[in-house]
Structures are given as structure tokens and as C-alpha cells.
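These notes concern the structure reproduced below.
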Amino acid sequence: MVSKASKAKAPNPRITAGLKDLFRRPRALLAAGVLLMMVFAAVAAPLIMPYDPNAQMFEGLSLEGAPLPPSAQFWLGTDLLGRDLFSRLVLGTRTSLIIGVVANGIAVFVGAAVGITAGYFGGWIGGILMRFTDLMMAFPALLLAIVLAAIFKPSLLIVALVIAMVNWVQMARVIYTETRALAQREFIEVQRAMGSGPLRIIGRHILPHLVYSIIVFGTLGISTTVLLEATLSYLGVGVQPPTPSWGNIIFENQTYFATAPWLVFLPGLAILLLALSFNLLGDALRDTLDPRLKGRH
Amino acid sequence: MWGYLFRRLMQSLLILLGISLVTFVLLYLVPADPARQIAGRSATAETVANIRAQLGLDQPFYVQYGRYLGNLLQGDLGRSYLQRTEVSTLIWARMPATLLLMLGAIVAELVMGLTIGAVAALKRNTPIDQSLMVFSFVTISAPQFVVGILLLYVFAVRLGWFPIGGYGTFAHLVLPALTIGLLGTGWYSRMMRSSMIDVLAHDYVRTARAKGLGKLRIVTRHVVPNAILPIIAMIGIDIGMFMSGIVVVESVFGWPGIGQLAWQAIQRVDIPIIMGVTLISACFIVLGNLLADIIAPLVDPRIKLK
Amino acid sequence: QDFIDAKQGGSMIVTYKDDVSTLDPAIGYDWQNWSMIKSLFDGLMDYEPGTTILKKDLAEDYTISDDGKTFTFTLRQGVTFHNGREMTAEDVKYSLDRVTNPATQSPGAGFFGSIEGYDDMASGAADSLSGVTVIDPYTVEIKLSRPDATFLHVMAINFSSIVPKEEAEKYGPDFGKNPVGTGAFKLAEWTLGQKLVFARNSDYWNAGVPKLDQITFEVGQEPIVALLRLQQGEVDIPGDGIPPAKFLEVTQDPTYKDFVIEGGQLHTGYITMNVKMPPFDNVKVRQAVNMAINKDRAVRIINGRAVPANQPLPPSMPGYADDYEGYAFDPEAAKALLAEAGFPDGFETELFVYNTDPNPRIAQSFQQDLAGIGIKAEIRSLAQANVIAAGGEPDQAPMIWSGGMAWIADFPDPSNFYGPILGCDGAVQGGWNWSWYCNPDLDAKAVEADAMTDPAMATEREAKWREIYLAIMEDAPWVPVFNEQRFTMRSARLGGPDEIFVDPVHVPVNYDYVYSTDVQ
Amino acid sequence: MTGQGAISGRGADPRPVLSVAGLTIQVATPTGAQSVVEDLSFDLMRGETLCLAGESGSGKSMTALAIMGLLPQPMARVAGGSIRLADGTELAGLSEAAFRKVRAKRISMIFQEPMTSLNPVMTIGRQLTEVLLEHGECTASEAPGRALALLRDVRITDAERRLKQYPHELSGGMRQRVMIAMALACNPEILIADEPTTALDVTVQAEVLDLIRALQREHGTTVLMITHDMGVVAEMADRVIVMRDGRQVESAEVGPLFAAPDTDYARRLLAAVPRLGQAPPRPVPDRTQAVVVADDLSVRFDLRGGIVNRVQARVHAVEGVSFRIAPGETLALVGESGCGKSTIGKALLGLVDWTGSIRVAGQQMRGLSPAGLKPVRRNIQMVFQDPGASLDARMTVGQQVAEPLVVHGLASGSELTDRVAALFGRVGLTPDHMARFPHEFSGGQRQRICIARALALRPKVIVADEAVSALDVSVQAQVLDLMRELQQDEGLAYLFISHDMAVVEQVADRVSVMNLGQIIETGSREQVLGNPQHAFTRRLLAAVPVPDPTYHRPPVPPRGAAPVSPVWPIGQEPRRVHLADIGGGHRVAEDDPQLELAHRGYAS
């Protein structure tokens, strides 16, 4: 078992310094800005939304039943049920962020636990864990997610779990490789020579060194997660209607891409922006936190 | 070398076995009764039971799995419940389309990805590098279904440069291959860039400069060949991404490959087809990884297969 | 009928979204293969093109015994299969034996339940229907175990198509990929997952039919893509009809308006309420739901391509009650009724729906309607197979929206809307009666009605069925929502009366009578 | 400022081939530009060997790179001064295209790391012909022949075969020879050699230095040699420039410099250099007791392969080694790289699986569970070569020194703090250092911290694995002093692992020489270093550079047989050598296992 309890207590000097450095980068700053806006939108959705996002308004459709293009009344137009697209997009932010945080959180936890256990102990435990990871790697991820989503009653939590099941693998791989390398480093050897137990070594000496990878891959993983949720919803096996998610908004309206492009491309843009922001942030974090990219001699 | 190959092959087989087991368990849990779908709505309960017995669905799980494995070993992927055709025939018929798409996508992403990555690395920290990297991030972050629909909308519907969907000519291939390739382009360009930067910092590049070699020669002979090495390991992962991508992309473009087959089968819970496609995709991924392992020592003399 | 005189020749391209799974008439039961099979195979009976009027097909003539239990068919002579052999009475018997043999796993076997010896076939005790006898090569006699007014219709559905024994046995389970029949077209080429090519059967017994030399079916094409291609002249018929997204555009565009064809179909979209699951075991609740659903809005969501329904039968079906008012949309009354039933504040429930557009959208419209009377319905949008599985369990799906899986009649007879989906037979585990409604009195009445085989009693029989359906509406296990209208398009290159493009039986298109304007 | 007048070197043409004047190099740091070389001026005379000497970070490499135009871009740049060739070509600020004509043809360079300085995916032949063709030295068809000739020139064995080999298939020494061949391909006027032998074993170092000298004689090349090893300076240089913090401290001919350094710094630097044969006497420990007794110790690593991944061969890293260490005694293990020195150290601490018997402070370590091992570990601790790598960068050094006490539950609370503070004091640091992180210390300080940590449990033995090899000489001397002091005060015993014979002589009571996992000669320091018996020991000693320009080291005797490895197929084992006592506990292997290995023809 891996103890996560003994995290580095004091704010890691590298991380605090890194954060300062981070906000000197215009791209990262922009990404953080977009993310903050989205978090704000998700939290304050009820205050922002001009309409009830689930209200199917009579005036939201043309007389023949066609969705309305963006206008002063409906800023981003309406969807096929006469609902306000802007309100739905705002509420959809919540879905994406919750999925991003929850699903990715689980994936990060599982991935890190598996990676550390396998990497540190090696032997048959490590062998079994890593073979299992290989197996999951070879699974066509989307197929797996679709089948899982079909088995369990779809709900936000289940979708998050399903995505986590698919996404922990990358984290496990990265952490495994790093732990393997760390476990052979001299300062760990010193610990063993000193008689420290594995729990202590992992908790006090290995985990603090993995924090940066976990943060970086955690951030990058969020974008994968958001995209996977969108894809599942796009295929109709994700978040259940009428809860809006950017993916299922596109799913509901996809055939209208030629007649009502805003219904497809605006939520598409939202997904892109969110994933892009997390990617940019993760990349900037990687640059600022990765000691290997600094101080090369 | 042969011993290594053999062991890797055995390992791959084990992985495939594991995948078949997991998929079988999952599909066993899916709440849908194939016998009822086959029997149709006019059937009596008795008929349904009869069909269930014929398909062996009334047997305990391990018997069903055992029989599936037995057939699998003889190369028999089973018969589709609803299409009433050998799964292998169905997959085989769709394989050329998927392979073509794969080829197109890989060529597109390698050409674009490696070029962009190399240029960005050489122009590191210039506006060129920054805009290329933002581009690569956009391609990584854009959901494939949106990219696909966008390309379709702009280039096929609006501009009419390419056919709107279907299969057959090179023109049909461009948009779907590009849709999948763009994602790969993003990944490859980022990998290539960091790999190039890494290689550029190596002592032997300094040696090459000390030899008075020209920049072009240094890049093409010393930097790129070394920078490519870590990218070879991407093949397996790349095929995994491809396999996930085709479900969406093939359905957006009406591309008659196994992704479309899988999606239709999932909709109707046609278990033998889902099993078959999953296994075939897994085979591709496993083979991709194996291929990466085999190619690596061919291009990198330091690696020996052990 | 000028289309009978149209010249032969030319070709067309038809597209479908889903793959064609099989062309075996004993098995095929999909939207896309239904009419293909009708063009490749013939049965003893058929319908006049574009109508629901029965006509003789491979049967030159038939007689019905007075008790209505023995049908004797005289076969047309000189009809050959695509392999050149002449079709005989043996083939008729073989085909019926084959479709009822459990090993064939035919989804249509149940239609033949009235033939003598069916039960022995179904249980595996016999390998041949005892009620079907070959009198001579051109005469076959079919005995029924009970009078069945729908039997001639049954002889017209795909499942009773005549197949040649030697080919069916040669290909075994792969016969569906190598179909050989007596139909107007024969299969020329099949690239799995991509396209099928039908070529004209030049030896077709019905001279002058079919009109086209060749039909190409391209599968795996999204309806929206198909329509865009049609507009560019690459496609002649979008097999899945006009997608909602394009509907307003093409119906309003003068260039295309004339090529848009509207037709009714024997379809009803409905919501089932599981009468075994509280609170839907309370008839008042069910009636309240019937009053709460705004059918006009549901129709508007699909761009007015349907008419609101108030009873299970579609309007074009014999037995339809013209004067029946149904439950009017009245949320206030619904609320009152709900309160009376003991749910003044509504309740929570689930609404299952097939997860393809537009069904989840329609379900959301219902969701809003139900919320209007205090019922909180959570939507469960699932793959078709999962919805069907849930419906077949007594305690899984309180409500199901039938869209996408809805009942399209197999033949134009009121009985076709009863048995499996509203009768006691279907209200079993794994059955298709998702409302689990079972009224033995009505079952008895249904048997009585179907025993009225005498054509003279047709009106009386219709009345009886009308009574049954109105009684069902009293108990309100369903909310009939709308009857879909079919809208399709054809390219300018095609000709033929509109009806055959929206044929009510040869769904979706009666390919045999479509002609090409290029060769006229 | 202009350069000082050139002092003519031994037999050198008094015209400079390269003049550096007022050279200033700046690097960009987060806190702004910083000069790493400042106002450096010197002339390089035709045919001479000029050594740039100085401690780590003094700007030696930067100077060399500036001359080659290879300063890391864009962090470093030449900020001032000039670098001029004999014909007046100004190299500072020269365009890249023009520089290409200078490199290899007029000035060429070999680098410190032969392992990484060659392109790993290109054959040796291609890398050699490339230079020739680039500078139009010959036609494509002549190139292979020329390359072969070059390889023969650097006296590489089996030259034809090498052309087709890849760098990783060559040993470090051979790679450095290839680098030299490449550098000399276009007959440059100047050869810059930046620490060309630091990464190599002493014996290999001696061979490579011999080669450079020989080639210089043959080609008349001028050499700018960079090194921190005063032994190498003494051996190679005509003239020396001593650098410190980017500035020239002293410039002198080699003889006068060693005889009478002008500056304080140079004097201190030279004083710190350990010299073989000048070690101070050591107190005689009581050898009747023993804190460590190893008997028939063997360590083998399995190499797997084949179809079922069975063990196919074993690395016999340590084979039947026996030794004992008395309290207060230092046993030194010496030998070439890969002979199993570190492995013995790890076995003593239970970090690798071993067979045989080890007793530490009377306690048998064999068969102990991890829990049983824990108390025994309090008697033995380890200090590694790289103090940076053996400290956890994410933890304050105070915490790290406290850790052994916490793990063994020996102290807590204020007692813990006090004891850690005392330990810091013991190794010459102050308690306020405790809250800092490792990167805030210099290399020498870090090694002190590691020693403090090793001392925390009051062990009886410390295994010091190359504990001073990575440190600059002056720092090295300080750490060695500390170790000696601790030994005297606490009666510590050391297992001192090193490849540097001069250092070994300074600290050891007894010396064991290892080869291929076995001890081939052992005895007291005077016996082994003063009277080496085994050919291998002799070679090792002969190769040590002597920091005395008047001493002429005879060329090292050639290697006996083909390179051998400790890898043996399963079922086969190396033959155990038998040590015969030749008097006074001086024991020497009777027969040479290498001969036998050569017979078997089992080469790596």
C-alpha cells in the first residue's frame, strides 16, 4: 500500500518559484485567464445565464421549428428545442470542469499509486501491475469507454469514473518510469542503507520528487479528460440530457452543421479553449518545473 | 534477438488474452439480450429461449468464454448476431479502408509533425516557434469530431474542393486523413521539437560543429537521425490514438472502416463484432509497439534486443 | 397508369446510413433491407405499388375454404429463380419450413403461428410444417390451426418470400450475403460496408418490370451527407429520408420543392408506461400523463413532419377511429387527476429513450411537459438494444419513448398493432409489450376479430378492432404522440408516381417501378 | 589591456599562432549578465603545449569554446577582447560561415566526454570521412583510405574493423583516440584538448596522453590543453596559465611554476595535490580485533535472455573476496573501473544480494531479515562519490542528517535538534546551515553533510566509495583531513574505495588491488605501493601522473590480453586466484586470471 498522507508539507520551493516564473509567460497567463473565467462561469452560472438553460421556449424556435441564429435576444442563438445556447454553454462549463477535475483526479490518484507501487517494489507486484497497465494501454480507449458507459447507468459520476478508468494508464506509465529511475538514485540507496522502511522512503523521498510530474501530467490530463467526455457525449453515451455538456450540445445539433453552424462550432470552440488552456498551462508548468529543462550544463 | 522476439510475442498474446477476457466480461455485463434482438418482436418466450440455447448464451460465463477462446484459437471470431455473417469476413472487408485511412493519417502527421517540430526547434523561442507550438496545441486540444465537421463544412460543403463523404478516390481520403492526422501532427511536432532540442544540446552536435560542418548537414545528418529515435516509440501509442479516433472520424465522413462497424455494433450490442473489433484494434496497438521495438535497433545501433 | 409503360433502362444511386446486414428474406428486418428484399424476392402475395391493396404475386390464384382455415394457392408457371431453375410448390413449402425452423433464427417466425404444425416446429419436434402440403408442382395447400383474417397479409411479408432450396442450403447461414430469389432485381455485387449493386433480372416474369437496369446502394452515409450529395447530383434517393436539418431548406427551396415527396406511413410514436411499476399502476396517473404531453410541440420539434396521434393505430390503418377525440392537452386537468391519484406534488421517474437524434430531443420535450405537472422524469438515453432489454423487464423502465424503435406495421392490418406490443403475449419477460399491459378480455376479443376471415365481414372486423383500441385508450398504457409522415426526395433523373417513393409497404421505396427520365 | 609578453616555451617557435587579448566572456543568468572569463590574455606559440589549469568553474572550458566559436548560444557571448590567428584573422565576432573554415582546418578540439562526443548512430568511418570531405581534403573515393590511415595514426587496434563500428562498440580510450584522429584529420595548426582524459581510467589516461605527445611531435601541432589535474600539467605542459574565477592568476613555464610558484593561490593549489610516495606516516591500528570480516564474499548479477527469459549468464562482479578491517583502520580498494569495488561496498550494507559471510562488529549479516538488518546497520554506513546525488534535493539538510536518528528511533524533539547541531559542528558546519537545501552548498560542504549523516548513528565502519573523487584538489584535501580527524577521534574504520593511487596512499593503512572481481594483491600500504608484485598493480602505479615536471614517466606497459569481462555463461565460473603470502602479510595472486581468460577467448 502506498501512503499518500506524508506529502511534502512546506510549499515546495521549486513549485513556488515555478509559479512565479509561470506567470511571466504570456501564453500561460492567457490560459490561466481563460480558465479562471470558465471556473467563474461554472460557479456563478445561475447569475450569468440569461435564461433557464433547460427551458424550451416557444419564442426560441422559428415558426417552422428551426433554431434561431445569434441575436440581441439570444446572444449565441438557440438550439433545436428553442433553448438559449449561451445559457446552456455556461452551464456546460460546469459539466466539463467537474469531469475534468473529478475524473482526472481519480485517474491521477490511481495512476500515481500504481506507478509508484510498481516502480518502487518491482518484482512480481510490479510485474503484474505493469502488465495490467500494458493491457489497458492496448485497449482502444474509446471503445472501452463506450462499452463501460453502456453497462453502467450513465450519470455525471459514472462518466467521470469511466473516463478515469481509461485515463489513469498514462499517468501510471510516467510515474512508473520516474519512480524506477528515482529508486536507483543514490540518495534512495542511502536511505535503504540507513534502514528506512519503504513507506518512509516513498512518502518522504520519492513522492516529493514526483510532485512536479504529477502536477504537470495532471494538468495535461485534464484536457484529455475534457475531450474524452465531449467525445462520449458527442456519441450520445455520455452525460444524460437535459444536463448540458459541450459534447452533448454538439451531439444534439450535429446534423445542423450546415444550416445552423453556431450550434456545432460554438460549443466546439468552448471545448477547444478549455482543453487548450489546460494544455498550455501544463506545458508552461513543465517548462518552469522540470529541472531537466533548466540548468543543463 | 529471436528469443526476445519470441518473448515479446508471447507477452503480446497474453495481453490480447487479457483484453479478450476483460472485453468479454464487460459485454457479458451489458444489459441487453442478443437472443431477443435476433428473435424479433413477434417471437414467443420459447423461441427466444431456443435461440439463446443455440447461441450458448444460457451457459455459465466461463463456458461461454472458454468456447469463444477455443474458436479464437482456430481463427474463428464468431458470427455476428445481427448481420449473421462471419465477423472475420466483416472485418476483413472493412480492413482496406481502415488501413488506407491509417496510412494517410500517418503520412500526413509524420510529414507535418516532424517538419513543424524540426523548424520550431531550430527557431527556438522565436515568434515562428511560438506560433507553431500554439498551432500544435490547438490541434491537440481540438476535439476530432469538431475538426472533422469543420473540415467537412469548409472544404466540402462550402468550397466544394473535396467530396462530402464516402470512399474510393484520393480526394475522398484527404479530409478524414487530415482530421486524424492533425491530432498526430500536434503530438509529433511537440515530441520532435523537444527531442531536437535535447539532441541539439548533446556533445556530438558540438563535435559536428567543431568539425566545421555546415548547418544543414549538421541538422540532417547528426540532429534529425538522433531526434527521430525517441519518436519511434510513439508508433504504438499513435496507433492507439488512431484506433480511438476512427470511431468518430469514420462516422463523420462515412468512411467504411472498422470504426464504423464497431459503432454500429455497439449501438445494437452485436457482441461478436464488438469483441472482434476490440481484439483487432488491440492487435494493431500491440503490433505497433512490437514494430517500434523491432525498428528501434535497426535505426539505433546502441539498442540490442535482449 | 403511365409508369407501367415507361421505358426500361438507366440506373440510380440510393444511400443508407446503416449497413445492410443481410438480404436473407427470413431474417432481414431492417429499414434498409426491407424493400431491397422485396425487390430480390417475391412471395405468394404482394401489394399494388404505392398502396396497401393486396394483390396476387407468385400466386396465380388462391381459394379459401369456408371455415377460413384452408388456403389453396395455384402458382404462376414459368417463374424462374435467378439461378435459372423454375420455382415450384416444393420451394413454397421449403421456404415456409425454413422460416419457421428455429435453427434459422428468423425474427419473423412468429407471424406463421396460425399455420398447422407451427408449434411442433417451434419446439423442434418437427422439421416440417404439417399444415403445408404440396398438391402438385403448381399447387400448394396451407392449413391453419385457427381462422386468421390476416393470413394473406402474412403471405405478403418478406418472411414468406420464396427461396430456392439448393441455394439456401448451399450457402447455409451465408445465404443472406448470396441471395437468390425470383425478384425483379438480382444482386450483382456487394462490397461489404460500402455498396451493393442490383442488376435487372431480365427473365423477370412480370414483363416490363423493373424499369431500371441497375441500382447502386451506398451504405454508411449519414442522411445529412446523403442529402448534400443529392443536391450536388451525386445521389438519386436518400434512403433515410430528408434529415431534419435540411428539411426546411429543401421544402422551401423552389429548385427542390417539386422533388420532395410526402407520404403517410403505418407508424405511431408513443410513450409506454409500465403498468406494473408504481405509480403507473394507477390508471389515473397514466391518464394524467396522457393529458400532460404537448404533442403539437413534439411535432414542431421534428419540423412538423408528423401529425399528433390520439390512439395506437395510425390514420391510414383500417380500424382507425376518426371520431375519437383522445385525451386533450390540458395540464391543469392532468394536475388535478394526479392529485386525485394521490400525487399532488408529482413524483420522480425515468424516461428511457434510444440515443439517436432526434429521440433524445423529443424526450426532453416530454420531460418539460411532465415537469409541468410536477413529474420529474430523468432521461436515460441508451443504445437501442439496452432500451429494448430494459423494456423487457417488469421493473426496469417506467417510461419508454418508442422513437427510432417504434412500431412500423409489417402489414396494413389493425391486428398488427396489438399482439406483441399491447397483448398479454408480449407482457412477459423479454417481451415487447413495454407497458406490461395485459387485459385478457381484450385478448379474447382480438382472437374473435381475427377469426372473421370472411371478406364480407371486413367492416365488422374493423369495428371490433376499433373497440379494442379505444378500450386500451381508456386504460391508457400508452401516450400515442404522433404518426410520422415520411418525407423523401428524388433527383430529377428519376420518374414514377410519388406513391412508390413513399410506398407504405415497400418501405421506403418500391424500387421496381422507379424509372429513369434519361431513357424516356 | 593587452597581453603580457610571451614567454617562449620549450623548443617552441617564438611566433604566436594564436593571440588572445583581453578576452571577456559573459553568460546570461537570471540576475543579469555575469562575466565568467575576464580580461584573459595569452599567446599560444607554435609547437608548444600550453596548459590552462584551475579549479572547477574557473572558466577554462569557456575560453576554449570561445576560441572555437562554440560558446553555448544564446546564453554565452564574447563580451570583449580579441582572439587572433597568426595571419591576423580575428575570431571574436566572426560569422558562422567563416568560422566553419577555421574549425578542423586550423583549430580543432577534443572534448572531455569521449562517451558522448561521437554521434551514436553513425559509424566511426562515416564520422571521420565527413570531416575530410567537408574540407575538401580528398575525394569521396579516397576518403575511406584516408580514414583508415588516420585511425592507424592514433594506434588503434584493428583499425579496419573500427571503421564500420559504432561508437558504443568501442571503449572509452578507443573513442578518445577516434576523437583525436578526427581532430587531426585536416592537419590543424592548433589542437585544443579540454580535459581529454578526466573521464578515463588512469592507465587509459596515460596511454592517451602518450599518444597526444607523440602526435604532437610528429605533426608539430600546437596544443592548448585544459586540465585540473596538476599531474597531467606537469607531464604535458611547456607553459601553464593558472586560472581562478575567470581570471588569470599566474602564467609561467612549467618548471618554474612547480618549483617556485609566484602567487599564493598557485602555491596552495600545488600544496594540495597528493603526491605518491610522500604520504605522512599513519598510526598503527590494533589488528587483533576486526570490525568487518568478509569471508569468501561473492556477488553475482543475473543476465537474462533467450526464449523463456532464463538466466543465461552472470556478471561475477565480486568473486570469493575475503578481507578484514580492524577498528580505526583504513582499508583501500583500488582497481580499474568495473572491477567490483562499489559492489563490495554495497554488499556490506546489504544493498545487493551476496553469498559468503560478512560479520560487522561481530554480528553475522547472513540470512538477516530487513528488520534484523536494521540494528546491524547502525554499525556501518556509506558515503558516496557524488554528494549532490546522495542528498535529497527536496529536503533541508538538517532533516536529512536527522533522518537516521528518526528512523532508528534514537532521538526526537529538542534532543534530535541538538544532536544534529552537534553533528554539523563535528564536520565543520554551523547549525544555521541546517535549514538550507542541498543546492545552497558547495560540493565540499555537501560531502561534509553526507559524512555528518553517516556519522549520525555512530557507526564503527564507514564505506567511502570514491568519496573525494569528484572534488577539486583543495576541497579534496579538506575532506580527507576531516575523515582522518574523525578516525582518530572516534576510532572509525574505513573501507576506502578509490582509483586514485596518490589519495589511497594518503589515507590507507592497507591496500587491496582488485581485478575482475577478485583481489589480486593485498598488504600494507608500504608493501603494495612501495613494492608492487603483481603486474597489474605495477601498471596501475606506473600510469599515475606525477606532479613534477622533472619526472619523466616511462610509457605504460601494454595491456596483457584482450579486454576481458566479468560476464560468464551459466555453468562456467572464473577461476579463483590463489593469494600467496610473500612475507609480512603481503599477499599476491600466484597466477594471472587474465592469461587464462585470454585462453578461453571470452571477450566482451
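Per-chain residue numbering starts at 1, and chain names A, B, C and D are given in the order in which the chains are listed.
We take it that a residue touches a chain if its C-beta (ideal position, glycine included) is under 8 Å from a C-beta of that chain, and two chains touch if they have at least 3 such contacts.
The shown structure was predicted, so the numbers you read here are calculated from the model rather than taken from an experiment.
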item	value
A-D or B-C, whichever has more C-beta pairs in contact	B-C
Whole-Å gap separating subunit C and subunit D, where each centre is the average of the chain's CA atoms	87
Intercentroid distance (Cα basis), subunit D paired with subunit B, Å	49
Cα-centroid distance, subunit B relative to subunit C, in whole angstrom	39
Shared-contact residues (touching 2 or more other chains) in subunit B	30-31, 157, 266, 269
Contacts with two or more other chains, residues of subunit C listed in rising order	222, 228, 356, 383, 386
Overlap residues in subunit D, where contacts from two or more other chains coincide	none
Which pairs of chains touch, using the document's own definition	A-B, A-C, A-D, B-C, B-D
Parts of subunit A lying in touch with subunit B, wherever the complex brings them together	27, 131-132, 134-135, 137-144, 146-148, 150-151, 223, 227, 230-231, 234-235, 247, 250, 254, 257-258, 261, 264-265, 268, 271-272, 275-276, 278-280, 283, 296
Contacting residues of subunit C [partner subunit A, same complex]	222-224, 228, 243-246, 248-249, 297, 300-304, 355-358, 360-361, 363-365, 367-368, 378-383, 386
Subunit D contact footprint on subunit B (complex, rising order)	2-4, 6-7, 202-204, 206-215, 217, 221-222, 225-226, 229, 299-302, 306
Contacting residues of subunit B [partner subunit C, same complex]	30-48, 50-51, 54, 79-80, 82-86, 89-90, 93-94, 97, 156-157, 160, 163-167, 251-252, 254-257, 260-261, 264, 266-269
Of subunit D, residues touching subunit A in the complex	346, 349-351, 373-374, 377-378, 381-382, 384, 386, 389-395, 403-404, 407-408, 437, 450, 453, 457
